[in-house]
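Got a structure for you, questions after.
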Amino acid sequence: MNRRTRLWLVAAGGGGLAVLLVAACLELPAFGGASHPYGDRAVRASLSRHTANTIASVNFDQRAYDTLGEMTILFAAVLGCVVLLRQTRDEHRARPEPEEVAPPVRRYALVVLPVALLTGLYVIAHGQLSPGGGFQGGVVAATALHLLYLGADYRALERIRPVGRYEVGDAVAASAYVITGLACLIGGTAFLANTVLPYGTFNTLSSGGTVPLLNAAIGMEVACAVVVLLARFLDQAVEIEEESGK
Amino acid sequence: MNGWTLTAALVLGGGVGATLWGVATGPLRRRVVAQNLSTALACPALLLLSQGYDRPSYVDLALVLALLGPVGTLVFARLLSGELAGDPPRAQGVTWAAAGLGAAVVLALCVAVGPGRAMAKLLVVGALLVGGNLVASRALSGGFREVSRG
Amino acid sequence: MHVLPYLVAAWVFLAGCYGLATSRNLIHAVGCLSVCQSATYVLLLAVGYRDGGTAPVFSDLEPGSRPVVDPVVQALALTDVVVGATVTALLLALVVQISKRHRTVDPDELSELRG
Amino acid sequence: MADAVIVVALLLVAGSATAAVAVRDPVRQALVLAVLGVALAVLFTVLQAPDVALSQLAVGSVLTPLLLLLTVRKVKRRGQRKGREQ
């Protein structure tokens, strides 16, 4: 099937799909309508459990089992990357030479790194209060670590980021999520059910029962996963070379 | 008719729209500067929206964008230092204009919000935004020596 | 205005599919796939919007004082953004493997290398 | 006036998505994808979804471009030497 027939097939299929999509869009309820049955119930359930951020309550309380699935997908994707990007026999690891960076950029990276790390932890900790949560805070914290690569060079980053520890951290955080769920089971209720811990007072750091715990577990898991992911890509792009120097 | 959201719409439509045109066409050096400007203009727009919707918790968004926007540009400056070494981007004027707009928006919001914790947070966002974008534009125009492996 | 967000979501999805089908570089194809994914976020959040509504985050808002948008679709979109990024990383790892084994990233050249 | 912002954000997203697909070179596409990430974050803020906007900002501004550019560098490094050998 050469390129031309394939393009014709894409055009025909795309055209049909476009017609169906537009027809469906015209039938959808008007944008901005007021009937959100699930939304109202989710807000009521979240407020009944003293969780200020309803989205965190949906993610870590009402649909905590789904988030377990999401976390497993994330863990499997990072595992796949680690396996695919490993150093094979016909490759050797070349030492990355130190990189000379303009002083203002280096100062900026060293100043912003702790601020970004702090912001990432703040976003994780306030996950069940203000906008944020484990997923976003984990990515912000992991990106903050790589400021050292951007501001200085790869050797500086490797010194402060032992990859083995982050892989262990990834696994520990993933199992912490499951253990919290089992603790709820042992506590006499369903797996991952938020009826064991007291809900605390509304809009405080300890409110929401198990939501903060699951939030922290997901935050650590996403942060470690992104660090391991970027470590593998950086190794491939910066250090690992073919045996014949290619 | 909320003045804040209207200003945000203007900043988005005019500023970020122009950077979208700049990043999609033209030489690589202009595209990289346009990417830097897109975050430099989106952050004030987010601040205006948070004031327009009367939701102080949206300022966290502008804080994270003020932090990670310049880091994204540093990524491009670092990994494209090879291609950019040929004709380094010269965009001091535009970057200073964007930084000026950011500072003006932060000051306007500080006046509207009044003294207190919220103003302190706004000033932090403003400092990060202006400082970050100036350093990022400095990094673009020759922050990294042309590097083979990096 | 009542149907514009859904049409934009459909347009972004079709543009992503077009880019995916006619791409001559696998890295470009992975980028087009992430464009397709972002179309689903736009559709999800457009379905959950309510006129005059605000975010159901009550850290700085008195519950019940203002109409709120639908939090369930936001929870769906939120986790998918991060998982989508790691799946994009997995696809890029596959592209690196393909470029190692077949010395090319052009899908047309790849289909001719039968084993 | 809220509708005006929504329309502007939607058009920004549609434009940057079309640009991300139209640009064929992966390096330039990484730049346009970064701008698409910012446009999506603004659209999510306008649709009152700050959590999703925060997530898109964190992922779209640094993580995706860094992964794309590292892959381009790894693939190009192989290509260059292959070109030099012929």
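All chains are identified by letter, namely A, B, C and D, in their written order; residue positions are counted from 1 within each chain.
The criterion applied here is as follows: a residue touches a chain if its C-beta (ideal position, glycine included) is under 8 Å from a C-beta of that chain, and two chains touch if they have at least 3 such contacts.
What you are looking at is a predicted structure, and each value in this text was computed from that prediction instead of being measured.
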Field: Between C-D and A-B, the pair joined by more C-beta contacts
entry: C-D
- prompt: So how far apart, in whole Å, are chain A and chain B when each is placed at the average of its C-alpha atoms?
  reply: 24
Query: What is the distance, in whole Å, between the centres of chain C and chain D, each centre taken as the mean of its C-alpha atoms?
result: 11
- prompt: In whole angstrom, how far does the Cα centroid of chain A sit from the Cα centroid of chain D?
  reply: 18
Statement: For chain D, residue numbers touching 2 or more other chains are 2, 22, 30, 48, 50-51, 53-55, 58-59, 62-63, 66-67, 70-71, 73-74, 78, 82
Task: Give the residues of chain C that touch two or more other chains, as numbers and ranges in rising order.
output: 1, 4-5, 18, 46, 48-49, 51, 54-55, 57, 59-60, 68-69, 74, 78, 81-82, 85, 89, 92, 96
Overlap residues in chain B, where contacts from two or more other chains coincide: 53, 55, 57-58, 60-61, 64, 68, 71, 75, 150
Field: Chain contact graph, described as a line, ring, star, complete graph or other shape
entry: complete
- prompt: In their complex, what parts of chain A are in touch with chain C?
  reply: 3, 6-7, 10, 14, 17-18, 21-22, 24-26, 28, 30-34, 36, 38-39, 42-43, 46-47, 52-55, 57-59, 63, 66-67, 70, 73-74, 77-78, 80-81, 84-85, 126, 129-131, 133, 135-136, 138-139, 202-203, 222, 225-226, 229, 232-233, 236
- prompt: Can you list the residues on chain B that touch chain C in the complex?
  reply: 53, 55-57
- request: State the interface residues of chain B toward chain D in the complex, per the touch definition above.
  value: 1-2, 5-6, 8-9, 12-13, 16-17, 19-20, 23-24, 28, 31-32, 34-35, 38-39, 42, 45-46, 49, 53, 55, 57-58, 60-61, 64-65, 68-69, 71-72, 75-76, 79-80, 83, 150
Query: What does chain C use to touch chain D in their complex?
result: 1, 4-5, 8, 11-12, 15-16, 18-19, 23-25, 27-28, 30-32, 34-35, 38-39, 41-42, 45-46, 48-49, 51-55, 57, 68-69, 74, 77-78, 81-82, 84-85, 88-89, 92, 95-96, 99-100, 103, 105
Query: Given the complex with chain A, which residues does chain B contribute to the contact?
result: 57-58, 60-61, 63-64, 67-68, 70-71, 74-75, 77-78, 128, 131-132, 135, 138-139, 142-145, 147, 149-150
